[in-house]
Amino acid sequence: MKILITGFEPFGGESINPAYEAVKRLPEKINGAEIVKGCIPTVFRKSITELEKYIEKEKPHIVICVGQAGGRTHISIERVAINIDDARIKDNEDNQPVDEAIFEDGENAYFSSLPIKAMVQRMKDYGVPASVSNTAGTFVCNHIMYGLLYLIDKKYPHMKGGFIHVPYLPEQVLEKNNMASMSLEDVVKGLTLAVEAVLKI
Amino acid sequence: MKILITGFEPFGGESINPAYEAVKRLPEKINGAEIVKGCIPTVFRKSITELEKYIEKEKPHIVICVGQAGGRTHISIERVAINIDDARIKDNEDNQPVDEAIFEDGENAYFSSLPIKAMVQRMKDYGVPASVSNTAGTFVCNHIMYGLLYLIDKKYPHMKGGFIHVPYLPEQVLEKNNMASMSLEDVVKGLTLAVEAVLKI
Amino acid sequence: MKILITGFEPFGGESINPAYEAVKRLPEKINGAEIVKGCIPTVFRKSITELEKYIEKEKPHIVICVGQAGGRTHISIERVAINIDDARIKDNEDNQPVDEAIFEDGENAYFSSLPIKAMVQRMKDYGVPASVSNTAGTFVCNHIMYGLLYLIDKKYPHMKGGFIHVPYLPEQVLEKNNMASMSLEDVVKGLTLAVEAVLKI
Amino acid sequence: MKILITGFEPFGGESINPAYEAVKRLPEKINGAEIVKGCIPTVFRKSITELEKYIEKEKPHIVICVGQAGGRTHISIERVAINIDDARIKDNEDNQPVDEAIFEDGENAYFSSLPIKAMVQRMKDYGVPASVSNTAGTFVCNHIMYGLLYLIDKKYPHMKGGFIHVPYLPEQVLEKNNMASMSLEDVVKGLTLAVEAVLKI
């Protein structure tokens, strides 16, 4: 069993991305499954292209993309990705699509094919704040989640995939009063627990 | 140099109090200063009586009381305590004073005699989210802070003292969506850094 | 031109529903279009059945369903409804579906067929806080929005439809500290402006 | 009976100040009492000087200062003002005092001499979200409240006074997602009800 887990490059003025910081620190094996890690550019289109390169190279059974959701208090397992790009800020290559479909021939939305409730429950069982989220937004996080599930639907039907949003790290909120964060240790622990829940299914 | 640091018993339906959980884990010495720890009942009046017993027994140079501020995202160093008890819930012995002065012969308020800005800065320098707070509320946290500063003013003028509020721990927000928390490790680290800043003055 | 606008019965322990309170107060005509009003039970399935009865009776050109989103600060125009019921509380007839598809033969999601950006802009132009929302949740609000767009897709392709979430009214937050609200006058004004934007397309 | 009610000039990049917008719209008489209105510059020191000019000219029995608390959801009746200026932004004349006492010979804090609980209750009785606040911050709002209560303590012991914070107006949050507001009508209604409660004592 091989699991590809990706994080993102920093964006939106942040100097780090908690998603990739956490992904980097995951162990090489979780409950016997091989963990392969990738770093995806925070860029529309190119993020999906890079993701597919990883998929082609690694042939994973499961793909989990991880991104930052600044302001959230809990690790959130995304339920659904929608077929739209609508960016309030520019991505890392100055693209700012507004109300554009991601794939003209894609479904309006794709549901995560991961066991989202079991992932949340396992994190909570071990003390990591977690919840299901019903929106991944309309920026690159939703874009890559949609792209992943589109690829699964069209080309890799044997694969499973989904998306996890993680809070800011403490170091990101030092100058942001009243902004929640989660320690890197808890984010890493939470992602590991989430993978364990995926492996149980 | 001896520093007394106190936490509280749990209250308000919580089974733990992050303040005392963190205080328990502080080292015995910080930068050469002896750290003495106390646990204070979450009860009006009795909390001050117990605090004074610790002071009489330990003869500390500095007293720092620590309490829980559920919902806050940062460790907050309190600036001021006000001469009023006004409880929206009952304390642990069913007292619920409304708009009562804490000490009739006390000042309207006392300012912390700790270096609050330096404490915040040192925590931020080492990556722990921290800020100054201008209200400790009107429940037992403000009560003990006021009581401490009243005792310093009236009986122990050589002593210095103040109050620190800490966020919920992650395990306390598992069933509280959108409620911020901070890891126990970061709370302990933050309190240690705060003590270091106090010792520098 | 005829527009059907529906509100909901109160739910979740509230004695009023701001959606229906506002819908009731809309004028009979907006820019020449006839406004027909409906009240929908906050019940899975039955809400869609009742909505279709209104549609059959009134033969509207446009249907806008309105619901309460307690805690939101702005009127929010929903972008998308997803094919799932996942209730954290019971509806008004004690149904609590968990992770059930709304219509087995429906799309994973339907996008609103209303001009959501123009509706937001017109409200803002006239001073009413408004924004686009990317999730209507997984309770009866998403259910009715999905049901409406499913009906449009399958049976009424000439019709257009969508969903608007409105904040609590001030009277609903009197005992809820730190909970946002919007005046009934502003909600009515906002809905009227949103209808005007729909009519301009 | 004469009541002086003051608002502030806009500050912090805002083009209006909801406090003065509301004060301007108060009636000339409330329950028989004469209402005199003032507009205070958002400037340390000068605000107190201008307030005293109004007091000298009008000889009011009661003074209520009103200010903006952006982000709050309820009208908040301030309980206490503290003897410190600590500005995170510059005032309207570029002053930015840090940790300075307002009056060296003043108390550490002064409590409002208005019936704060009765004011809150009356607003709630008539449907306006209101609550007691335990901090007016450390900017010009706390400064003027402290200055007012200092003046009452030192020179005008027959007078009563206090401070009310009001939320943003809807027009101020159009571009601020997730920021609460209150309609001008409700702010005016709330202030009127608060004055009525003051007159009942």
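Labels A, B, C and D are assigned to the chains in the order they are written; within every chain, residues are numbered from 1.
Note that in this section contacts are C-beta pairs under 8 Å (C-beta built on N, C-alpha and C of every residue); 3 or more make two chains touch, one makes a residue touch a chain.
These numbers come from a predicted model, not from an experiment.
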item	value
Centroid distance [mean C-alpha coordinates] between chain C and chain B, Å	47
Centroid spacing, where centroids are CA-atom means, of chain B and chain D in whole angstrom	30
Multi-partner residues of chain B (each touching 2 or more other chains)	none
Overall pattern in which the protein chains touch one another (line/ring/star/complete/other)	ring
Listing of all chain pairs that touch each other, if any do	A-B, A-C, B-D, C-D
Touching residues on chain C, where the partner in the complex is chain A	79-80, 82, 84, 86, 99, 107-111, 117, 132, 134-135, 137-138
Interfacial residue positions of chain B with respect to chain A in the complex	72-74, 124, 127-131, 170-171, 173-175, 177-183, 185-186
